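My questions will all concern the structure given below.
Just so it is clear, A, B and C label the chains in written order, and each chain counts residues from 1 on its own.
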Amino acid sequence: MSAVADVAAPAGLPESVVGRMYGEPIFDLPKDLYIPPDALEVILEAFEGPLDLLLYLIRKANINVLDIPMVPLTAQYLEYVEAMRHHNLELAADYLLMAATLLEIKSRMLLPRPPRADDAEELDPRAELVRRLLEYEQMKRAAARLDQLPRVERDFEWVGVFVAEKVVERQPTVTLHDLQLAWLKIARQSRLKRNHTIQREELSVREHMTLILRKLSDDTFVVFETLFDHTLGPAGLVVSFLATLELVKERLVVVTQNEAFAPIYVKRADAAAGFD
Amino acid sequence: MLQPDSTEEFKRVIETALLAAPAPLPVSELRRLFEDDPGAELVRNTLFELVNDWQGRGAELVQTAGGWRFQTRLEYQVYLDRLKQERPPKYSRAVLETLAIIAYRQPVTRGDIEDIRGVVVSTNVLKALESRGWVDVVGYRDTPGRPGLYATTRKFLEDLGLRSLTELPPLTEIERIMDLVDLPKTEEPAVQS
Amino acid sequence: MLQPDSTEEFKRVIETALLAAPAPLPVSELRRLFEDDPGAELVRNTLFELVNDWQGRGAELVQTAGGWRFQTRLEYQVYLDRLKQERPPKYSRAVLETLAIIAYRQPVTRGDIEDIRGVVVSTNVLKALESRGWVDVVGYRDTPGRPGLYATTRKFLEDLGLRSLTELPPLTEIERIMDLVDLPKTEEPAVQS
């Protein structure tokens, strides 16, 4: 970053430093505007453009920006530009444009002002230049102050503590609605729905089919009566009975009775052969 | 302030570096915080002090392969999870349909499921449901190959907040609506009963 | 543990979330940590308590544009810098002045910036600010060429620890001088009083 004389010079540099040459700060532009060839390039880089250079000249000469003496300022500026040209530095068009502007203002200042018909206030040819200078100076200072604000990674760091998580897989959630939709998709796909409309009663039977199969998991014969849970009440018993019949029909269980009124045994159809 | 002027301040520097570090810091790195190397032992003792200081807090100082770092305690995961934007993953259509068939038609074999869905049911689908603890094999059908009979488990009911299978959403009503609304969309003209 | 069972634990949850958050958390987000919404006031009071609790520590709880966040105190940067592989970028005056103009005069086009600075603004300058995430194009001016309108981002505010643009350093000093002149900021020649 190049440093320049500025009220709000970036931290660490004296205000009067206008640039650096070979690492040594340059504190002043030479009074007579003779600029050593090596320094010129440095100085050119030190300014952000013609407005910046003009502001420097104005502040340095302690000129009231609201009442700029155009003749000496223009002369100084032109000398500076001339010096740059003398050293064959490629002058940015912006610098030449400003030179033309200054000359134009100066000539308008020198002309006798034509008496105006009305009492309208006079136009100051410098007004626009002053406005631009002040607006630029304002932004230049604002930039320096922004740069001084504490900034992350330069002046402080965000705190970021590692988040420990159990290495459990995040399980998908399923809602009843999902199940319903899934079934409807199946139904839509096939003609299943005509044959397999699921009724509540049927579902209850199917639930008991599963319960009975779980009770028969030992692969052994179980006494028929023990399959029934009497706490379920009459309706439950009927459903359990229907479930058993359905299991028989689907050939999932085998029911045996050696003789009339003898105990009825139930066994999973896939169980290893018991006594037969 | 180039060197901390007290042991308390020394600890604060190490704590602050660990709080802001994007990765675990080994002792060798922590020594570099100071202009004059405090040595490994002093740093290590300070780390142990910090571990104590953070007892009972929401984060803890732990030693990992890469060095020391602060991390949140597992008990706080339940809170932090609520801030996560990401939705939990969704099961594929195949998994959901298989689950629906097992739930509504249990006990069913893999073949039954394939008959109903009209496509082959991959092993992964059934594995996903089994490892979730939602379905299991409750028996075998006495047919060639003795295929396993799948049914839903108690955990399935619990996880979906059901007391019994009869509390599954009834399908008749919606199927009726579907017959009215969606019929034109089916491939083959369905036969109305 | 679904709800914290004490106010101390409540504070710990909020503290832990803030320590672990990758971005500032607004009060509205912090309320979401809990199964039962504790309300904004309780959360806000807890935040103020935490600000106090962290007095004298190496990090502080601050409020930025996006919400609340822990950051290290400026005094500790001298230590933390020693661990850094590379220095943070220093911005040229061209970049800083461009940033200032965008910040104070937004939304502005590149042409507006060039008018104020009196020089051509190189593409690299704007690129540097865009890649830092500090400015972006928020629209296009309806003039020939439809130039992009630049504005500062929330990240700009956060990175500079500002809650809003109104917290930018005031321009009053110079504006006072300009008031004296009372120059219209238009293109027409101004009228001197």
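Just so we're on the same page, a residue touches a chain if its C-beta (ideal position, glycine included) is under 8 Å from a C-beta of that chain, and two chains touch if they have at least 3 such contacts.
Heads up on the chains, UniProt names are B, C = Segregation and condensation protein B.
What you see is a predicted model; the values in this text were computed from it and never measured.
**Q** Looking at C-alpha means, what's the farthest chain from chain A?
**A** So the farthest one, by centre of C-alpha atoms, is B.
**Q** Give me the ID of the chain with the smallest distance between its Cα centroid and the all-protein Cα centroid.
**A** If we average C-alpha coordinates per chain, A lands closest to the whole-structure average.
**Q** I'd like the Å distance between the centres of chain A and chain C, where a centre is the mean of that chain's Cα atoms.
**A** Roughly 13 Å, centre to centre.
**Q** Report the inter-chain centroid distance for chain B and chain C in whole angstrom, where each centroid is the mean of the CA atoms.
**A** 36
**Q** Using Cα averages as centroids, what's the distance between chain A and chain B in whole Å?
**A** Here the centre of chain B sits 26 Å away from the centre of chain A.
**Q** Residues of chain C that touch two or more other chains: which are they?
**A** Those would be 16, 19-21, 59, 70, 72-73, 76, 80.
**Q** Show the residues in chain A shared as contacts by 2 or more other chains, in ascending order.
**A** Expected reply: 157-163.
**Q** Which stretch or stretches of chain A touch chain C in the complex?
**A** Residues of chain A touching chain C: 1-2, 4, 48-52, 65-66, 92, 94, 98, 120-125, 127-128, 130-132, 134-147, 149-163.
**Q** Flag every residue of chain B that touches chain C in the complex, lowest number first.
**A** 1-2, 12-13, 15-17, 19-21, 25, 29, 32-35, 57-59, 70, 72-73, 75-76, 78-80, 82-83
**Q** Over in the complex, which chain A residues touch chain B? Could you list them?
**A** 157-166, 170-194, 196-200, 203-204, 206-207, 209-210, 213-214, 216-217, 250-252, 268-270
**Q** Spell out the part of chain B that touches chain A in their complex, as residue ranges.
**A** Touching chain A from chain B are residues 19-20, 22, 59, 69-74, 77, 80, 88-91, 93, 96-97, 99-101, 103-107, 116-118, 132, 138-143, 146, 149, 151-152, 159-160, 162, 164-166, 168-172, 174-175, 178-179, 182, 185-186, 188, 190-191, 193.
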